[in-house]
Amino acid sequence: MTTLETAPRAGAPESPTTTSKLSIVMFSGTADKFIPLGVLAQAAAAMGSEVNIFVTGFALHGFTKEHHDLPFPTEFAAMAPALAQGMEAHHVPSWDTMLRQAKELGAKVYACSMMSEVMGLTRDDFGDLVDDVVGAATFVQLAEHGETLFI
Amino acid sequence: MTTLETAPRAGAPESPTTTSKLSIVMFSGTADKFIPLGVLAQAAAAMGSEVNIFVTGFALHGFTKEHHDLPFPTEFAAMAPALAQGMEAHHVPSWDTMLRQAKELGAKVYACSMMSEVMGLTRDDFGDLVDDVVGAATFVQLAEHGETLFI
Amino acid sequence: MTTLETAPRAGAPESPTTTSKLSIVMFSGTADKFIPLGVLAQAAAAMGSEVNIFVTGFALHGFTKEHHDLPFPTEFAAMAPALAQGMEAHHVPSWDTMLRQAKELGAKVYACSMMSEVMGLTRDDFGDLVDDVVGAATFVQLAEHGETLFI
């Protein structure tokens, strides 16, 4: 069994008059939340949706060149080893592998300019997953008339 | 005073050309987050919206037959007893009662196939709240052209 | 450099047939999550979007007249001082200042009637940021056919 079903053919959207668009505000900085980021971005991009991701807050640490250990949520810390084992046993790709697949299909990743400044991060501090550093107003405009998730 | 106002009549949506649709990705596994899941699903279903819930991550523990004690968020642990008392005093239904009401009105609950596998859970491990086990791509397609929340 | 780019002129929406609408369910009660609430509400309102905020759960403590110290998430507690310094150094407005700007542009803030009751809060306990106390069904109806975030 593969981890994701075969996605419907891109270019054959449900409605002929509207293309679908998924926007994700990625704010949470705990390791667990990066899995749904990768899965949902990859699934939506594979379906032919426009995908825009706005990284802000603690989540910016997941996108810097300098490796940061993303913390596990306190309440579920005891489950972390079993979860990591399960991911490996079932060959679940890492979140950044899934995000790269999404990006190959057109997904875009933007770092929040305001929080980058606040955290002392510049464009050069981010790895190649980040396409650009933009303000919230730009992202809100990109996200209009689509579905938007706050993770 | 009832806990929810009288919902508008189902079948009389705001716009004649589009039915509304609420999709919820239920990822968080702390006990507090199950309250808005129940409330929002019930409210949307009572208004005649299509409601689809995709359960993944730690939230899967809330839907297994084997009872799991859902942890309370660390930061608010001191408030848990007062909150539980307030819920009881005001006769707030439990989250699963509200979700059952939503399901009677047509809401559907899907468990994430990938995370179920990772956590060693099969279809038989889930209680009757779960309608099916599906992949993220299926859910993303169901959620298209509606509002989607990530809890 | 300003913290937010110049927002596009209000009244010039992307599509002539649909005005955009951003709805936010504000549930999380940790201090960090109030920053994206302020930023996204302000950015969307400045673009001419209708903005509706539904405050519930622990987030209600951020809106009472009696000042509550909002806790910082346990996992990132060590970063709190550096973040506060960065916010000050870059003259980032506080979340409530940004929310006031959004409200001057038409954004509305509603407290959840059910959770207010559960937490023993009445209309008079809330500060002037709160426009009204309403039920979830009312909010779900307001949010229909727009984008909705759960923070």
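Just so it is clear, A, B and C label the chains in written order, and each chain counts residues from 1 on its own.
Note that contacts are C-beta pairs under 8 Å (C-beta built on N, C-alpha and C of every residue); 3 or more make two chains touch, one makes a residue touch a chain.
Given the structure is predicted, the values throughout are model-derived calculations rather than measurements.
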{"item": "Chain C against chain A, contact positions shared by both copies (same if over half, else different)", "value": "different"}
{"item": "Fitted rotation between chain A and its twin chain B in degrees, CA, nearest 5", "value": "120"}
{"item": "Distance from the mean Cα position of chain C to that of chain A, given in whole angstrom", "value": "23"}
{"item": "Chain B residues counted as touching two or more neighbouring chains", "value": "74, 147-150"}
{"item": "Chain C to chain B touching residues, read off their complex", "value": "23, 25, 27, 29-30, 56-58, 71-74, 113-115, 117-120, 134-141, 143-150"}
{"item": "Parts of chain C lying in touch with chain A, wherever the complex brings them together", "value": "1, 3-8, 13-15, 18, 20, 22, 32-33, 35-36, 39-40, 42-44, 46-47, 49, 74-76, 79, 82-83, 86-87, 89-90, 92, 147-151"}
